[in-house]
């Protein structure tokens, strides 16, 4: 007997775990590209939850499929802007680790 | 008269202030002085015109409403001016002294660098004070309240290039801001209780409601009290008054004697119904007033700077007003407010004259005998001292107002927070402390009239550098070295007028018991039934006698350098166990030293400890604490994005978790 | 034609004009593009005023025109136009390509307008992103400047992070209600609260927490504010004028409309959150500013403090006073940036407190205006800042107000912390008036003040004074 | 809702692969491999979308997300070309090992806390929700979504957001162009929008190489 796993709560748990894994990447990674990549992992989780909600609960219209499209559109733009900023950063510093972007801040007096 | 003219009373000096602030640096000095004086004179003229409008006493108040100023859904604060007997008296006081002091300043500041700024601040101060006095709602009062604090800051900081002056000005302003915030919180509390900020509406509906919500009413009363304490320099928010002496002397006279410091008293008198229903607030006023009274008098004894002596004497006189308010007699407090304004302005302006004549020397030990060369100033100083000590009835403003305060105290009862005591106790403490005031005032006068060669010390000190520093010195500006004499006619004229005013006030403030009419009482309380008046009973005469004898003794002791040396010797040489009967004049000196001087000295040291160190220390500690927190929080501002992200995520999780648990 | 499309036409047309301008005259005069942009912003505001009837819905309810939304849109467009006035000379100075910059600003303006009028989750999300992403771009626009790089990158990383949380929140909200239309969500939530259906409510609560958290991040409410000072410090002043003023107005307006629109049935839950945010902002914003000597960071912290007050205003749902607060705050902020621009030398901006020492003597009028603006920040009477703060507090404390427990202490706390804020605003005033100018001050004096800066300074001073003297807010 | 065992098994396996691949994304040092891992995680995700009757979304996930966006990442990573291990190490010791460890620990703790507190909370809430079968015919199919998107455009609630996203993309383009400008000022005409927009990226690449050499 196969356990019943394909249900809303498991989909939500999966998506939240993805969000958590992604945010862990945001804290852990040093390379700015990798931080952006971790955000994509988070976004993947969010999209999953959107579609899952639509299927399991509100199957009268594909509203969240549309929201998914918006979400990847935004993700694309964010990636484009972020990556071009990273390239600029690389041009200026020849380095893209996050230590490069920690100069503004309080210098201890 | 058309009520619209009321608006012009604060507006005239306000406009002049704006004019001088913007274009003062391009105008010649005489024009600046003329504009500044004329605008205040205009206000004074208007106020005098309103005196004839039948407002005095029980007359009909005049109201001017220019529509809402701040109006939201919840509330309205109108641009509403209200002229009743009390506010007319206050207007008279403010515009009259404001005028005199502006004229005086024209003489005093002739050689200053930033005259435009000075007179702009002075005018703005008068405007703010007049707004405060005329306002019918607490928001408008707050406008004036904040305005006088700001001007006080500007004026105290006038010599900003001198070391310590910016800091002193800032400290004064900061304590004032504490008061402003407390005031604002008090206004908010009253608003949340009554739904209005208009004084007249509050007075109408307040007493009934306040009786129901006693807790919140008491909170409001206490918060407003905090504001009044800061403005009127009552312990523990008094620390700024001594700092304020860093400003030019006319400023000290205007702000720190006659007008600004009385704002707190005025506010409490306006809200006396609120304090009538909260005995706790009155108890706190009484206790703080007592502390301020005693500390002020003791500190005045311990000072050698002429302006600081007067400043601390102001503290203790303000405390007297608050004590009268605590006793529930706003009339007595206000009466002393006016009396005090008369003699303290006189004293400060005379002191200013002395300081100008003595080339900005302020140490009384070096000013010995200066007054002998300054006849008008001398007269003014003497009258002021007599008023301040309340020595002679009918003369010099101080006697009847002090008697009124004492009278109100002797009938009061104080209770709250589980303690209760009779006003008699306070009465006796005040009586005793008043002896101190006689001592320090006449000690000061004795010094200034001493038989030492007039201004020897000053002339000696100023002599050598008189020529060398002439070219570039910035504030030793009234001649250098040279003979000590009164030069400015403006200063002399103002002193002369003030002497007359002090006499006049002494006469009109006389109460029935002494055969006078008690006009002042009737005017300031708006025609309320006059109390029976001070009865010339035995106690009054005995105290009067003691005071006069003490004054003469003090004057005698300090006006001769030999006797002064004797007194100082007693104080200095006092050591236990090193005396013999003969050399010690049969122990008389020692008894004197042991019984009087030592306790006084000890108390003075104690009060210095408390006044200068503890209260200032608490403030400083607060500052350091804030700084410390700030530096601590700074550690979290690392500039590392991932750490910020951690913070954001943590906060979001907390939010979600908290919401999920609800 | 659909009136809504017509009302957006000026902004879109402006955008197209700029695109054309960029392709035909790549090295053209900056002022032409500036005029086009300002004109399209102003005519956009006029179009919204004239064309959009109140209460109308467009595109099947995706857009709902409310009086609040319209006023917010005017505010955003107007403040953006004023900020653009400031940009012309400044962009040259920091060597930013003006046409590109203005196109981004126009797109952002479009986003702000739609944020104010949006009525479903999808439009809201896109408008929110159309406000956010141009903000990141603007922050990092001066890409040769390492500090600008850093500000932009930091803003982008954290902003994207919070956007994901925002989207997750929207997803949960959708999951709880199955609707994207905000009014329908409101009704469903009210139903769920009435029926006590815990599962739906739980999802909605999680969504609420995530959405509120993300918006708090965007408007820099403590403790979500840590990015703000860094971004302010690194961003060039022209971009900062956009990011700090109209964008804040739009997002705050959206927060208020979202909370009192869709989330109104859950108001018992989010009111304490707003209170906590207000208290934290008052605490952190003021305390962190005490030892601050960098001027831009000081303004950033004051933005945090002001955010706390705006939250109080939203909490009591007193729409007119919130709008008043947002407007006066926006123009105050623009005024301070104008002063900063006017104080800067040819080669550098003012940065540290020591840069403004003695300015009262070298640049008297600028210093006077700046002093007034600081008074307004500090809440001295007769200024708009005082009227706004005072109004918010009085609205919160009116006797008939029905508020959660703890409102009174938080309001008192916020006001009392104003004492601390006074301390650091006065540091600037003290430096300007009570310190001697540095030796190289002659360079500044000779520079004079360009007319756009002078104009914006005068405008903000006039607005601050007139709002401060005549605050009249009828019920809306 | 009756679900076939095949669906259950597919879902479980996909979820496992997604989780493992995502973990790999945040843990693997080599950026190129991490990106490939992300693409790998997208494939089972699209499978799950198809299970959720969102076939069009599943296709988009592969085509747009994995195909286009991830290509962008890969491209930039290739261009910047950080060496496999250095790319992720703290540079120049500006952050000591201790603080790095502490930061990681704090992040780990928070995530652990959230994982053990928030996720179960939501899991239980979702478990109690009523499940509703999909009722719409052709749910998730292209025709259905096209109807949703484009039917009656003047009254379609999705029109506005759909149009607005085009501005968002324009902003992205303008930003990328601006960042690729050689000089900040407007006087340089050879690399403004009109003339040679396609050169933007190659210029960047050359520049970075030159600068990198200069730095060495």
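Just so it is clear, A, B, C and D label the chains in written order, and each chain counts residues from 1 on its own.
Just so it is clear, a residue touches a chain if its C-beta (ideal position, glycine included) is under 8 Å from a C-beta of that chain, and two chains touch if they have at least 3 such contacts.
Since this is a predicted model, take the numbers as computed values, not measurements.
The chain occupying the central position, as judged from C-alpha centroids, is C. Computed centre separation for the pair chain B/chain D is 69 angstrom, with centres defined by C-alpha atoms. Between the CA-based centres of chain B and chain C the separation comes to 44 Å, rounded to the whole angstrom.
Note: centroid distance chain A to chain B, computed from Cα atoms, is 65 Å. For this pair, chain A with chain D, the centres built from the Cα atoms lie 6 Å apart.
Of all residues in chain C, those touching 2 or more other chains are 122, 125-126, 129, 133, 137, 140, 143-144, 153-154, 157, 161, 180, 202, 206, 229-230, 291, listed in ascending order.
Residue positions of chain A touching 2 or more other chains: 22-23, 26-27, 35-36, 54, 57-58, 60, 63, 66, 70, 74, 77, 81, 85-86, 88, 100-106, 109. Shown for chain B are the residues that touch two or more other chains, namely 631, 634, 637, 639-643, 645-646, 649, 656, 660. The touch graph of the protein chains shown is complete.
Contact residues of chain C toward chain B in the complex are 153-154, 157-158, 161-162, 165, 202, 205-206, 208-210, 212-214, 216-217, 223-224, 226-227, 229-230, 269, 273, 284, 287-292, 318, 320-321, 380-382, 387, 390-391, 393-395, 397-401, 408, 411-412, 415-416, 418-420, 422-423, 426, 430, 433-434, 436, 469-475. In the complex of the two chains, the chain D residues touching chain B come out as 103, 106-107, 110, 113-114, 117-118, 121-122, 125. By the touch criterion given at the top, residues 3, 5, 7-9, 11-12, 15, 18-19, 22-23, 25-26, 31, 34-35, 38, 41-42, 45, 48-49, 51-54, 56-57, 60-61, 64-65, 68-69, 72-73, 76-77, 79-80, 82, 87-92, 94-95, 103-104, 106-108, 111, 114-115, 118-119, 122-124, 126-127, 129, 131-136, 139-140, 144-145, 148-149, 158, 161, 165, 168-169, 171-173, 175-176, 179-180, 204, 207-208, 211-212, 215 of chain D touch chain A in their complex. Those residues of chain C that touch chain A in the complex are listed here as 121-122, 125-126, 129, 133, 136-137, 140, 143-144, 146-147, 149-154, 156-157, 160-161, 163-164, 167-168, 170-172, 174-175, 178, 180, 229-231, 233-234, 291.
Interface of chain B with chain D (complex): residues 640, 642-643, 646, 649-650, 653, 656-657, 660.
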